[in-house]
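Labels run A, B, C and D following the written order; every chain starts at residue 1.
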Amino acid sequence: MKAETRNAVAAGAVLLALCAVPFITGKFTAYLTIRIMLLGIFAVGYNLLLGQTGLLSFGHGAFYAAGAYGLGLFGVHVSTHPLLGVAVGVAAAVLLALLVGYLCVRHTEIYFAMLTLACGMMVFSLVWNAREITGGDDGLIGIVRAPITLFGLADIPIARENHFYFFVLFFFALSVWAAHRIRRSPFGLALAGIRENARRSEFAGVPVRRYRLAAFVLSGAFAGLAGALEALLESNARPFMAHWTHSAEPVLVSLLGGLSSLTGPLVGGAIFVAMREIIQRFTENWMLWFGILLLVIILGFRGGVVGTVSALFRKATAPGEG
Amino acid sequence: MQSYVHVILAGLSSGMFIWLVASGLTLIFGVLGVLNFAHGSFYMLGAYCSFTVLKYLGAGYWAGLLLGPVGVCAAGFVVERFFLRHVYRLALPYQLLLTFAFVLIFDNLVKIVWGGGALSPPTLSFLGGTIPILGRNFPVYNLFIIAVGPAVALLLWALLEKTWYGRIIRASSSDREMAASLGVRVPALFTGVFVFGTWLGALGGGLAVPYVGLLTPGMGETIIIEAFIVAVIGGLGSLKGAFVGALVIGVLSAFGTRFFPAFDMFLIFILMAGVLLLRPQGLFGAAR
Amino acid sequence: MGKRGMNRRDFLKLTGAGSLAAAAAGGLGGGLLTPKWVWGATPSVKGPIKVGYQAVLSGTLAGYGEFHKMGAVMAVEEINAKGGIAGQKVEMEFRDSTTKPDEAIKNARYFVDSWGADFLAGIDSSAQALALAPLMPQLDRVIMFTHAATEKVTEDFVFKKGVKQIFRNCMPTYNDGHAAAFIAKDFPAVKWSTVSPKYEYGFTCWKMFQESLKGLKPSAQFIAESFAPFGTTDFRSHINTIMDAKPDGFYSTEWAGECISFVRQAKEAGLFDKVKYAMFPVGAAMDVLEGLGKDMPDNLWISARYFFQYPNSKENNDWVARFRKRWNHYPAYVSETGFSAIYAFKAAVEKAGSKDTKAVIAALEGMDLDCPAGKRHFRKEDHQAMYDVPWGQTVSDPNYPFKVMKNMKVIPAKEYFNRPPFEGPGTSPPFK
Amino acid sequence: MGEPLLSTEKLSNHFGKVCTALDLDLRFEPGVLTSIIGPNGAGKSTLINLLTGHLPVQAGKIRFQGRDITRLPIHERVRMGICRSFQVVNVFPELTVAQNVMIPVLARTGRAWRPIRRLSRETALMQETEAFLEKVSLLPERDTPATALSHGDLRLLEVGVALAAAPTLLFLDEPTAGMNPVERVRLLDNIRQLAREGRSTFVVVEHDMDVVFSLSERIIVLHRGEILCDGTPENVRADAKVREVYLGDDVSDLFRYREE
């Protein structure tokens, strides 16, 4: 299939470019790339819920925070093994997503958005107030990037920036591949059906609420993974990860890039991080210009940047093509 | 006894204050179906404009209160007419994103025009001062706010229920296409309602100047969340719900802060989640 | 690792293994030994001295960023006018740190890795300072905190974990917590109460105040406390809590805009008529004084991390006059700390004869620096600057559009600063 | 006649004062192609909505293959074998025709839960989907999004999606509404052929008398939520009440046309 190989080649090229970044660019660009990859994991997972299943959540920062605090507390109290920490972080996010999701998926549209916002802010104030455990608003400090010990045989250090870069790159590639496969899988098609027409999905025999919960928990897992990795990157976890303004970031990023494609949220994430940094270099009033940029993209690129650009290039549209 | 009365009074004044902000938000959502994040910015702009009229043009407080919000209506007009109008047909996230962009822009503009530092308004001559209630002073202005709240509610009720104009607004909020097919110039009506909602938000800002006694860039961001909570609990789109919701939240948080020290926004978000779970349309909202 | 502190074995394993593997996988690790990191730097200092400064320039605290900037820009202008540092021009880039830790981290990395900063300075929020601390060994630049007050950053990170790159020239929580008790012990008031911020800073200061006052005056009781979340604009319920308890002493670490709202609303409710002894450890901040102006009640005990009338020395008065001429504003405490931070870098580079981090750290440790706020002594153990700040009662003065201080009292810093090793008996005041 | 496929006891429903179903006791036998007719507002669609779960039951019981399904959620009723098509087209607009029909097949075969498996590799699934596409003669349009289909093809897709759930009892709500005669005949032949295969029992709500009388072995006439008549096409045509209330005069000439 021509389109399939074309995408695979493009993905391979991007992966190679990402591998080269730490060698050919400065340390700060490598750091920004890590931030873009973290936001990419968060947003590509989130878009499984918004773009694929059609549910707008404003509480996914809570699962991001669950991942970060899960890893952090595990590291401080049990073991600092990064892979175990990430696993615990993702597990914590999945559990929290299961609880919040079970409550929220009975609603849709604005009520689902408001309910997830309320749940997210509950987690935020819980983390803020549980000072003894989470360190309150100072954040959970003392998270260390210990080397990965593989069954005592080898120690892979990830403390240094370059090594940690590949640690994140591995999870980023894994996440994008997983999201791609999910979108292409029977499960992905069922989710798309729910987005397009939830009532008809029920009449097709799809237990809609259970699938929505599955998509919710899945996107929560991606958020937890991104949170755990940020905790390792910045050596701390902060209540503001659960704040609704942070939960709004994957929404903004997916819309910027384009909801209906796999790469939309990734491109949106790159724009979000890079443009904020570039604007800050020219002016202190970065919020003004960033706001104006958002307006241009919302009104100018109606289907998001990727949606509009790919529409321009694609002559014969292969329907349903990513 | 004294503490109970003062807690209730404090709750009423803060509740009515949130109602003033939530009223514009709810009206706009009810008619246009748009959840306007930037409503907090219009509140902030209302405060800054009234402050400017008060301080620099030497006009009295009341002139500030009336002229200030008018300036903000121009901003509201521009936002709806040239930007929001293009996203009505788009899905909910796009509308939220558009209003979110304006929050960033207005916060930064205020800092550029009025500077980053906190501004303190001159104290009120008329309606200033306090009167002792049960041995403790209570600001006269807060009593005025407790009175203004219901007055605005009555004004809105009268406008929507009694006037011909109100009937058109209610008609197009329940069925946009039908109203349009009956010859209602819906786009113009939407602009009018949005500007009126903005005026309400700006009025809230103007009234806030003596109440909060402080103006800082981004001051709208904390009040908009409280207004959201109230709008949701009262029932999205229902003005009556927003009014009652504001009273409940105001008095509840006043009691919470006074008698349950562990009280926090956490309890208010539990209430919000509870209402959404058990009765999504809120206390008075129309059933979904 | 955090709670138990990093023990020796873990620390070595972490860095030991880290550098070994890095050397072995040199190709993978990229330019390991950057040419600049050479032992025995040559005496002459090459290239401009770059300072990366960041403070809050957006949101409700935007005013603080502007006051930081006034102080720092003025210092850079004056130094460059007199030939710069060790003959090199000083360049400064100023960024909006917002209040979010990840933004502060990104800016710090940008300053060092992309812009090539030699020094970092600024930071208003304690959470940002604590988030930056573990990063400093990797960035390996001296950072001078000019506002964040948390004592954890100096006690835990500098002293216990040995992150030598961190310095602070601004008064930490000690003045707000401990010194306030030294002032309060002389008052007849016994039943104390507080309305303080509902986050670490508020909790820590109230705890310090209680411990020190209990030590100095065992009869002291603490009968009511109410904590107001960040962003509170309506304090009336909190004030009700205090007035219902009928205390005779009141203490509050509300600061910036929230302090203005609180004082205004408390005055309306008559709190200050009922409670004769009210203390605001950060009430003398210029934005609060100017914000309240004539509305500031009299006889409140206030302090700040620098007050423009103290010390009444030629250097300070001259600086204040220069500041007012340059910016048409009275200097805020963050303007003084911003100004002094740049001069601290100047003194350190010229003393060390190099801008290499290790040399500058050595020069700064134990240094005595004359600043507008008086003499600052950078303690060797935790890199915290010790200097004296005044306490006084608000009084109106025809020369100023805001209230100033009368009955000024100064507690020497060494009497109330926590002492190394910051754990166990005898490390926090009152000292026997 | 053994256990009925589906039966109702005292099934009733009202919207405020308007009663749309009053104590209906109905039985549907397997393999019997039934039509439900009645003037507008007689409660035809309401009946289907009640039986398929689209509308919650206010009073009365529904049993399917002996089991009480009154409170059963929709997707479980579909799993048990009850499905329906919609009067107003209600498909998956942005998805392709093949994807539209694949979803019910996926759900039925339980393969929808596979998150990593490539859809393109599900050959068995693809063949089954194409078989259903052929039944509604939409195979050529397999890769066009539903939004790009003509009205007639959309109606076919509407029925195709319902068929793909392979229900034992399928309610078709005016399947041929808006179709041109050629498409209509083609669909009716398919339905007749499927009914003959005996896997699914069809119940059709229809206005077109030609379709009703040519297709169904049993006709239920509804009027104001009550059963006016229930029997073979012959006794329905002969029944005086039906003629007077429902068929009225203009249709009687239809019979004249029929008898010539």
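In this text, a residue touches a chain if its C-beta (ideal position, glycine included) is under 8 Å from a C-beta of that chain, and two chains touch if they have at least 3 such contacts.
These numbers were taken from a predicted model, which means no experiment stands behind them.
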Practice prompt. Could you tell me which chains are in contact with chain A and with chain D alike?
Written response: none
Worksheet item: By CA centroid distance, what chain is farthest from chain A?
Response: D
Practice prompt. Just give me the whole-number Å value for how far the CA centre of chain B lies from that of chain C.
Written response: 37
Worksheet item: CA centre of chain A versus CA centre of chain B: separation in Å?
Response: 33
Response to the item:
Chain-centre distance (mean CA atoms) for chain C and chain D, in whole Å, is 75
Discussion item. If I count partner chains per residue in chain B, which residues reach a count of at least 2?
Written reply: 107-108, 111, 264-265
Worksheet entry | Junction residues of chain A, two or more chains touched | 287
Worksheet item: Which two-chain combinations touch?
Response: A-B, A-C, A-D, B-C
Discussion item. Going by the contact rule set out above, which residues of chain B touch chain A in the complex?
Written reply: 35, 83, 86-87, 90, 92-94, 96-98, 100-105, 107-109, 111-112, 225, 228-229, 232, 236, 262, 264-266, 269-270, 272-273, 276-277, 280, 288
Discussion item. Which residues of chain B touch chain C once you look at their complex with the stated criterion?
Written reply: 2-3, 6-7, 10-11, 13-14, 17, 107-108, 111, 115-118, 120, 123, 130, 136-139, 142, 211-214, 216-219, 221-223, 253-254, 257-258, 261, 264-265
Worksheet item: Which residues, counting only chain A, touch chain C once they are in their complex?
Response: 22-23, 26-29, 31-32, 35, 75-77, 80, 128, 131, 136-144, 146-147, 155-157, 159-163, 230, 234-236, 238, 240, 277, 280, 284, 286-287
Discussion item. For a test of understanding, state which residues of chain D touch chain A in their complex under the given definition.
Written reply: 52, 54, 73-76, 78-79, 83-84, 86, 90-96, 99, 102-104, 106-108, 111-120, 122, 125, 143-145, 161-162, 164-165
Fill in: Residue numbers on chain C that touch chain A, as the complex places them
1-3, 6, 10, 13-15, 17-18, 21-22, 28-30, 57-58, 94-96, 100-102, 105-106, 109-110, 112-114, 126-127, 130-131, 133-135, 138, 150, 152, 199-200, 203, 230
